[in-house]
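For clarity, chains are labelled A, B, C and D in written order, and residue numbers in each chain start from 1.
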Amino acid sequence: MQQLGMGQAVNQALREEMTRDPDVFVAGEGVGVSIHDNPMFPTAGLLEAFGAGRIKDTPVSEAAIAGLAVGASEAGLKPVVEIMFNPFFTLASDMIVNHAAKLRYLSGGKSSFPLVVRMKSGAGIGAGCQHSHNLEAWVAHCPGLKVVMPGTPADAKGLLKSAIRDPNPVIFIEDMLLYFVPGPVPEEEYLIPIGPADIKRPGKDVTVVTWSKMLGVALKAAAQLAQEGIDVEIVDLRTLVPLDKETILNSVRKTGRLVVLHEATRTGGFAGEVAAVVMEAAFDSLKAPLRRVTGPDIPVPASPPLERFYIPDEQQLIAAVKEIL
Amino acid sequence: MEIPQAKKMEMLRSLLLARRFEESLTELCKIEGKIPGMMILCTGQEAVGAGVCAALQPEDSIITNHRSHSHLLAKGADPRTLMAEIFCKRTGCNKGKSGTLHLAVPEVNAPCTTTVVGGGPPIAVGRAFAQQYRRERSVTVCFVGDGATNEGSFHEAMNLASLWNLPVIFVCENNLYAGAQRHEEHTKVKNIADRAAGYAMPGVVVDGNDALAVYASALDARTRALAGEGPTLIEYKTYRWRGHGESDPQLYQPKEEIAVWQAACPIPKLRGDMLIQGLISADELHALEKKIDAVVQDAIRFAEESPYPEPHEALEDVFA
Amino acid sequence: MQQLGMGQAVNQALREEMTRDPDVFVAGEGVGVSIHDNPMFPTAGLLEAFGAGRIKDTPVSEAAIAGLAVGASEAGLKPVVEIMFNPFFTLASDMIVNHAAKLRYLSGGKSSFPLVVRMKSGAGIGAGCQHSHNLEAWVAHCPGLKVVMPGTPADAKGLLKSAIRDPNPVIFIEDMLLYFVPGPVPEEEYLIPIGPADIKRPGKDVTVVTWSKMLGVALKAAAQLAQEGIDVEIVDLRTLVPLDKETILNSVRKTGRLVVLHEATRTGGFAGEVAAVVMEAAFDSLKAPLRRVTGPDIPVPASPPLERFYIPDEQQLIAAVKEIL
Amino acid sequence: MEIPQAKKMEMLRSLLLARRFEESLTELCKIEGKIPGMMILCTGQEAVGAGVCAALQPEDSIITNHRSHSHLLAKGADPRTLMAEIFCKRTGCNKGKSGTLHLAVPEVNAPCTTTVVGGGPPIAVGRAFAQQYRRERSVTVCFVGDGATNEGSFHEAMNLASLWNLPVIFVCENNLYAGAQRHEEHTKVKNIADRAAGYAMPGVVVDGNDALAVYASALDARTRALAGEGPTLIEYKTYRWRGHGESDPQLYQPKEEIAVWQAACPIPKLRGDMLIQGLISADELHALEKKIDAVVQDAIRFAEESPYPEPHEALEDVFA
């Protein structure tokens, strides 16, 4: 099977969907002519392949980029727009939250907004908190938006293709460090439905719910724990909205123990939602307290030792798992 | 420009319908519990919607704002389902989800209305982009107020529309107030049309109470847009007779100022011209007024007699 | 004691702090000359009292309003700016989240941003989802921001005064329906510290954690439940960040049962955070599953029966309490 | 305008320091692991920071952006702690929390730097408001790029500054590119200064590679601002010699274009003038260059020898 980074997988998904459907177009800052010359990046080569009519470089205007998607999608096109870094979502947030997410409802179901907003996210790029700030919890709290946050290249490809075909606004969040982590991606065409979580490692002792880059941390920790005879089940959410409660609950009903792992800051992070869902519906199965392994409640600092301190790692996860065993 | 008689009739009809429609609302919302929520009217400004929409074809789109009634009616929205929506009834064009503020009428290419000030321009740019992408011969009009031109989104949209030569017409309905702030209290530049130069876009100032002038300027802008020459910003000078909303006691609007502008009412202006030129007779006018009155009464009856949505219907229409 | 609505209480706090400290100023859309002529509104009469130099009506420019606060506060002034309706926070969010909250950290603690952003929030005003969208979970997820959301006029007054004196950015969220619910407010000067929750009703059977307008719903439900012999303890958070975990945990350790009640939509709402905190630190005390009583995952609809359906009410809370008894 | 000799010396010093400082960074960041994160330089554009800051007094403030080094150095920031911060060391002016992108140097009234494009203008407006509120005799300069003028925040800030007559100078450093997009690919209007008219604000276009012209125009704007006449937008035409950041291979920047602009380097221009006019001798110049080299070397040594922060220090400085 081909080995691709997540950026390359995204790139393939974009190429396939653009080839399939002439109404798909891509817009954003530097999605065509770019300051990067790196084939690992998601929009590499698209301009050459599809031309300036469908690969639209925009000014530095996040509200206009998002508005472009809102207006064009309602008119029947399938925009895939990019927000360069997650913190700049703020600048697009009115268009996405008050418009893309709500206008269908406000129309009584008459108008539709089948758009995709790709956002690059994650700490570890050394650029500090105005470039790194994981805000998936924001979009997950906005009815009308679907939220996808893949952890592997294969998932990214299949989910992005589904997102582009979805009749609703989908927020698709890519961790930038994953662009450089190769993984197997099927050669033949496939879709992964938006919604179902994926058990990336079955286990019986503890459930670890996670998503995006933290999947890798979970897998490493699980491998180490396995050597000590501790059998971790890893539930990779992949999609935060709609949330696959059944998979989470079945896992916790089996293991009785829950750790939620995410890179975003702790307070108000999406781990809270997972905790609440479990505490509501699988309370009787729980054998131990919850543990959350998350970024601390600080902005992401720039200096390498500080940034490393910020990002949750295997050792923290291992410690958390052991605490509740 | 020679304006066809049918167009003038269309505008007169739009003016009268919007006025009657909204005058009824002024009365209706005095009745406790009759109409829920805010009530934001454009009484006195109807020539903008009437003139602009008369210059459009059905395939053209409009994106409007919180002060939308006259735009939507002029674009051809059904008064009954519009009124029912304003009443928040289940038969409303948006099943009661919107109410008066975000009326969406995709049937007449008014696919969404936003009450976030400045929300319209980026969306209009998107719709115009779709028109360009598909090589359609149609344009998108975006209605904004004077206040809205101070939102960042307006600026971003103007820049992008101009850069990409999109077929948009930015219509700034300058009614001299944004909420309680007079033009000069929120914007230093005298003519908002002057902002167009910053985007290498033509900007024009037009009497917004003169339906014919409105029509002509909008038609020009449409022609430019269809010729691939890009967007235009048109500033229509007009005036908000009533408060920001019906609950606004208008303490900050000088009585004399209101009186001056009421004297410049767009309706007698067009009506007078048409009578003088013999385009309509007094009898025909009377018949038209009666017909419009009947349309509005029928709409109100429809709205009043319609049921409210059932509570659980709130759960529908979030996702497709 | 004087009986005031929350708007009047806010108004008193603003007057007192402006009188005390000449560096305090107020800015926002219609905070001076207004479309309202209602003494129940928070900024009524301020222009007459303090003049146009300190009561600054602004254009409709939320980013500029928030930026004004960021820049002026770092220069030593004490801005109290208003975002007219919570959904418009989106438009100010870059300035608040990426700047007010982060610039101190980015400066290594050298620069400070002692500002207050007042936001009007809440459903029940019949204006639909572009005016009503409770987003306290967003700001609670941004390290560097304090988040206050009072449920009574007296709390609002004391907390706003503290917020204005706080050396950090404080987001102060007022439910608009509370402007018209009078409550006792002490005549003499007082401050309420940012942080501590308040037990608005002691009880032994179930802990209800809530804030803002939902406090009233909780109190009504508790009164009804008391008649049936069910003794509810109501923890009014008042402040979401910093969160008073001790008070929550002590209450749950006593009652063993938790219901969280908020008006915001369910998925990703701040109830999740409360659930997680409890599940982490008071697991052994829990006798029953969690219940959340929240707005459903829909935008706030305009039509009265739909909007009433949206807003959580006493009956839902009573049912939830009974479910876990 | 007669520019004092001391000012010219100050500018020459600023130019040389910024150039030397950044040329070192170009080299240093080729060494794997030496400097973490992005590296964004203003090589070739130094006359803007040098000229503008020479026109300012210590009590004046600047708000700068991702391309800040020359602005901060010209405003008087200590090269040692600046360099240490760029190295992400604990002795850096921001304890390693910022790194190169958000350098805050409140000691020289550069209280915060934002790398959110367009983030500066609203903050500058706030700082200028504080200056006006307290009747201080000082101004705030806001440095933005050409690309930043397409952010909505720029527009909102321009409008508010003009409306309130705030003592701000909006300095647009038009280096012909925003990321990989050339001016005409992101903005249709040729001169960004033309946007000023939309706010009833003066807008001027100035050669950004001529330090003396920069100085004179900034001084004019400062005088206006202090006289209560409000803000000015100055567009300095200049050029980005290097890529957006050091990792950018500049494939989209024509080699000839770079060469043309390198020929217009601001340093020989000012240096030549001063030599010809006898304001500095060849020996003095040499001594100055040596001194600056020593300053930069010392800064690098300081940065290299400084420790990184301890991991747990990440938890500090969130709240006051």
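One rule holds for everything that comes next: a residue touches a chain if its C-beta (ideal position, glycine included) is under 8 Å from a C-beta of that chain, and two chains touch if they have at least 3 such contacts.
Please read these numbers as outputs of a predicted model, since none were measured by experiment.
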* Asked: What chains touch subunit A and also subunit C?
  -> B, D
* Asked: When the C-alpha atoms of subunit B and subunit D are each averaged to a single point, how far apart are the two points in Å?
  -> 45
* Structure fact -> Distance between the CA centroids of subunit B and subunit C (whole Å) is 36
* State, to the nearest whole Å, the distance from the C-alpha centre of subunit A to the C-alpha centre of subunit B. => 40
* Structure fact -> Residues of subunit D that touch at least two other chains are 92, 96-98, 102, 114, 116, 119, 150-153, 156, 159, 163, 185-187, 318
* In subunit A, residues with contacts to at least two other chains -> 58-59, 61-63, 87-88, 91, 94, 98, 105-106, 128, 130, 143-144, 297-299, 301
* **Graph class of chain-chain contacts, one of line, ring, star, complete, other** => complete
* Structure fact -> So, in the complex, the side of subunit C touching subunit A is made of residues 87-88, 90-91, 93-94, 97-98, 101-102, 105-106, 128-130, 133, 135, 137-138, 140-144, 241, 243, 260, 264-265, 267-276, 278-281, 283-284, 286, 288-292, 297-299, 301
* Structure fact -> Listed in rising order, the residues of subunit B that touch subunit A in the complex are 61, 63, 92-98, 102, 104, 106, 111-114, 116, 119, 121-131, 133-134, 140, 152-153, 156-157, 159-160, 163-164, 316-320
* Structure fact -> The residues of subunit B that touch subunit D in their complex are 150-156, 159, 162-163, 185-190, 194-201
* Structure fact -> The answer for subunit D against subunit A in the complex is residues 36-38, 88-90, 92, 96-102, 114-119, 147-148, 150-153, 178-181, 185-187, 243-245, 247-249, 251-252, 308-315, 318
* If you look only at subunit C, which of its residues touch subunit B in the complex? -> 29-30, 33-37, 57-63, 87-88, 91, 125-128, 130-131, 296-299, 301-310
